[in-house]
Amino acid sequence: MADEAALDGADATDSDATPEVAPEELFGTLLTHSGGQLVLHPSRETYPALLRTLHEAGYFSIIDLCGVDYLTHPGRSGVPASVSTERFEVVVNLINHQQRSRLRLRLQIPADDARLASAFDLYPGTEAMERETFDMFGISFDGHPDLTRILMPEDWPGHPLRKDYDPGRIPVQFKGAPANR
Amino acid sequence: MIAAASSIAAATVSGDPLLAGHIDLVIVLIVILKVVVIFGLMLVATMLMIWFERKVVSDLQNRVGPNTAGPFGILQTLADGIKFFFKEDLKPARAQMRVFILAPFLTVVPAFLLFTIVPFGGDFSNGHDGSVELFGHTTYLQLADPAIGILFALALSSIAVYGVMLAGWSSGSKYPLISSVRASAQMVSYEAALGLSVCSVVLVSGTLSTHGMVMAQAGEGWFSFIPHWNIIAAGVVPFVVFLLASQAELNRPPFDLVEAEQELVGGYHTEYSSIRFALFFVAEFMNSVTMAAIIVTLFLGGPAGPAILGPGWLWGIFWFLLKVLAFLFLFVWIRSSVPRVRYDQLMDLGWKVLIPLSLGWVILLATYYVARDQHWNGVITIALGAALGLTGYGLLRFAIGTSRVKRLQGVVE
Amino acid sequence: MTTTHDAPINLAQTSEGAQELSSRDVIAGAERLRELGAVLRLSESEALNAELEQTPDEETMIINMGPQHPSTHGVLRLMLELQGETVLRCKPIIGYLHTGMERTGETLTYLQGPTNVTRMDYAAPLFTELAFSLTVEKLLDIEVPERAVWIRMLMTEMNRISSHLLFMATNGMDLGAVSMMLYGWREREEALRFLQEVTGLRMNHNYIRPGGVAADLPDGWRDSILRLLDMLPPRLDEYDVLMTNQPIWRERLQGVGAISTEECLALGVTGPILRSTGYNWDLRRDMPYMAFDQVDFDVVVGSYGDCFDRFAIRLAEIRESMKIVRQCLEKMPKGDYRIQDKKVTPPPRARIDESMEALIHHFKIFTEGFKVPEGEAYVAIESPRGELGCYIVSDGSPNPYRMHVRAPSFVNLQTLPHLMHGNLLADAVAIISSVDPILGEVDR
Amino acid sequence: METAVFIVCALIVLSGAIGVVMSRNPVHAALSLVATLFGIAVLFLNLGAQLLAVVQVIVYTGAIVVLILFVLMLLGVDEDEDLETEPIVGQRVVAVLIGLVLAGAVLAVIIIGKDAAVTGAHSATAAISPTVANVVQIGQQLFTTYVFALEITAGLLTIAVVGAVLLSRRPKDLQPIPEPESMTEMGDDPLTVTTEEAAH
């Protein structure tokens, strides 16, 4: 019991303390730290401009881009209170080879309007990654030259990495084979 | 098919004493006997060649190779053949069916015919002319000895390309089509180099007949043979050119672009299955054996060699087999040690190196013979000829270099 | 659960119709930019206006290379537009090996995770296990014992050797040097034999786990490694004779499939391809993880970014890895091979027989798994093919909430259209080979 | 025997020639051409002109028709051509007329000349001697009596080759994008040249 109280107390002090300290910012965007790495929380609207800034600042490579579906875990950690959380998140990992530093962007994508500007113009390497995210989560990327399914078959219904997608319900399709499930 | 060959051979025969006089039934039977024996021997030789190649390659690659069917796996080819025979014969829906069926035979028939002009035995030592007594008749140990001998081989190898081309085209599939386009370009290019290097040999031997060539390369005793060989008498250049060009003509690595597995799946025979595929396979290996035999005939004196004990014709066969085996081993060795060249590199090698080289060499040899006949100063003539040839080649290289530079400039602009 | 599942599936609709090269006259600027990989070199308007090979469609041929083709390294499918033998456009089509491993990862506990991820890059399985384990350890905020770190380094470097040897074999095979294929496999088998000695399996080891490694090094491991280290150098010299110094080999590879550093960076390409352009970047040295800051090795870079450089870099990296292995051999500390944290590590086998608590704990950790604090982490390591990253989101349960693997081959494949443009069909094979994709990792 | 061979070969030659004209598929037409050329080669053999026969096979069947097929395959003209449209107006009528005129001319020569034109001699220029080797005879003829014609032909062929090369040159070839300057410094190594050459 004492432990619990202590924990509660700690929580209380934490939540009390946050508003006092001004939120940290980098490149004009909210910054948090996660396991020694910098995490930025831009909004969807500021994302393209931020990418341009980052590109100028020496972040020449988007090393990874993936989606996360927070449907069953809406209260996620690591997101500042001022950012309103949405169902989807697109996580972008950038690297600055000169400074040997990494940067992670976490973008909140609402479920009813799952779209984001494509990073393709600045970072053509995101072509396949954005397609994968589209394929797996149904998040579309505006300005992507060829937003088609990449891993799943063309006519696959649904987006398999969404949490409300039930794997195993859809029979594996082989042409001409009868669906036996 | 062999009967057809023998009729052509009979019509064109010049050298074989068997057919010089009146042709009676015994002579016809002798010819038929030869045909049957050679046909059988070719099949067996091909079988053994496939086994030999697989075994040698596996030895070079640190693996065992065929080892189950028969002693040392020697019956593996037979087992494969039986398997092919009983496999389902698939016919692609988009194939041009008549040509598709015809093509394997177009490859395998020239492969059989090619051996007719190869002298494979006989006693050539001590001035013997390599003839043997057979049922009271004198004859050569070769099926036919037409006056145009070696040209017959060139003609057949130029026909052989049809099988490959048509197989690729008629399959109605894209990889085989690319393969047949490659095949036609490659064959036409290397035919020229092949022919020009044969020219040198013909100049030296003074005859087109294969028997005559072997005669010209014969000598007495042990070591007097070797200086007569065309590999020395005609210089090493034609030999090297012929060896390279023959590898290209045979579609053997490193020039096996036609069936480059990594690029074109199976090349022209991608769509073939069952016994039709086996026919291509057999033809390919048969051609390897025959080409080795032709190289031996042209450059290494064929069956000519010293006879030590016993009947001379048996020694002839022995020397012939020994030399052919050495070349077959060389083929396999090359195959297992070099990567494949690229299509444009192959064409460059053919047109920019081998053809100018062999052409220059023919001219140089001709100059030498003219100088000898006219009693000119040999050294000066040869030096002049060589200088001219080198100048020409330098100009060619220069032209090629210039065109490349211009092309690059055009690209940059 | 949702309406998507109720939608009837029309089997007849299953076609790859849309996965086609668009017709030449409808290519928009962006499409052309993408297919030429020319984003870095032309503005969009320039690309639209430039008279780039306006070939009428009759003269070109679309050819499908794969998914079953001898030299596409698995089930990669390439759509090539050829003019004669020249490749004008190329479109890689992937997904034939997609088995939903990221989704599977969400249903497995953290302890079971390595069995799943190890099947991604099947030529270098220990690396994916390592990336996964490092990420989980970061979320757990634990430090593995010194010996475990060095064992991991030793094993991954051995794995790098075996992976690069496999590359040597397949690269040789793709260029028609059939003997090289068998030599490469022969040496790789020796390396795998060592991995088997330690982990029990030739591939898919499930050896590196969160908290350490599965088992300590067996008796006689030193001798096995020393034997291997003695055996390999002469064999590598043999490769130099067979390939590096072979005129045909050099002709085939030099200048083929060249790429520049800017292009590599923009495309997110890492590993030997990036290094072949002369860019000095190796995560082991530049962003050290484990104990790579304590070993001495060279980062090998090329100059021209062509296939030959990529080949030569990998050959040299085998030698560098052997250097690291030798140092691991010298510096291998004594101690535990896994963390002695009851929450993460199952109790030793002997304790199970004696103690009921240990038995229960053992049972619980293998059925239920251990809980990982809420959070998210991304850890990247240098795999033989480039940066291999693992991103895990944890919701505090024993299963990852989301597990994503940044597979280097997946990203590197994007270079193919650019590398192949204007090269010959035979070069296309060399280029695929030099990118060295592992399809298990591409499709996941 | 000679007559039998002649009849068989003549049939092959004629049916091949008809096949060239009648085949709808260009590759089939080329194959018919091969049959014709091969038949002619056997006719040469029948006349004792061994060298000519072999040269016929090597040059025509082995090289020229192969090149024709090469072009056909490279361009992918494997579908049936549309025979309805005529590239040149009235070309069929003209072709039939010219064909009839030529056939009439040949017939006229045979009818008017009778035995004088069709002698049955082996050759119109020199009889083939059964004792002297074939090659020697042709060589002597070519380099003595007909040396001028030979040289003219050689010159003509050379001109044709040069012309073909000139025609096939495209002034504005492919215009690939210039290579970007690499971040790495390219040294003076001779390899640089190879890299750039091959990259284009």
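Per-chain residue numbering starts at 1, and chain names A, B, C and D are given in the order in which the chains are listed.
Following the convention adopted for this analysis, contacts are C-beta pairs under 8 Å (C-beta built on N, C-alpha and C of every residue); 3 or more make two chains touch, one makes a residue touch a chain.
Just so it is clear, the structure is predicted and the values come from calculations on it, not from any experiment.
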Report summary line: Of all chains shown, smallest offset between own Cα centre and global Cα centre goes to C
Query raised in the report: What chain is the most remote from chain B, judged by the mean position of CA atoms in each chain?
Result: A
Query raised in the report: Which pairing of chains gives the most C-beta pairs in contact?
Result: A-C
Query raised in the report: Cα centroid separation between chain B and chain D, in whole Å?
Result: 25
**Report entry** Distance between the centres, which are taken as Cα means, of chain B and chain A, whole angstrom
**Finding:** 66
Query - Whole-Å gap between the CA centroids of chain B and chain C - result: 46
Requested in this report: Find every residue in chain D that makes contact with two or more other chains and list them.
Outcome: 74, 76, 174-176, 178, 196-197, 200
Query raised in the report: What are the residue numbers in chain C that touch two or more other chains?
Result: 40, 61, 279
Query raised in the report: Which residues belonging to chain A are in contact with no fewer than two other chains?
Result: none
Report summary line: Contacts from chain D onto chain B in the complex sit at residues 25, 27-28, 31, 34, 45-46, 50-51, 53-55, 57-58, 61-63, 66-67, 69-70, 73-74, 76, 78, 133-135, 172-176, 178, 196-197, 200
Query raised in the report: Hey, which residues of chain C end up touching chain B in the complex?
Result: 61, 63, 69-71, 82, 85, 172-180, 182-183, 186, 242-243, 246, 248-249, 251-252, 424-429
Report summary line: Given the complex, residues on chain B that touch chain C span 57, 60-63, 174-175, 178, 182, 253-254, 256-257, 260-265, 335-345
Requested in this report: Please name which positions on chain A make contact with chain C in the complex.
Outcome: 34-35, 37, 60-64, 66, 68-69, 72-73, 76-78, 91, 93, 97, 100, 102, 104, 120-121, 123-129, 132, 136, 143, 145-146, 148-155, 157-158, 160-161, 164-167, 169-171, 173, 175-177, 179
Requested in this report: Spell out the residues on chain C that touch chain A in their complex, using ranges where they run on.
Outcome: 1-2, 4-5, 7, 9-11, 13-19, 28, 30-31, 33-34, 37, 39-40, 94-95, 98, 100, 102-103, 138-139, 141, 265-270, 279, 281, 286-287, 374-378, 380, 387, 389, 391, 393, 395, 401-402, 404, 406, 410-411, 413-414, 443-444
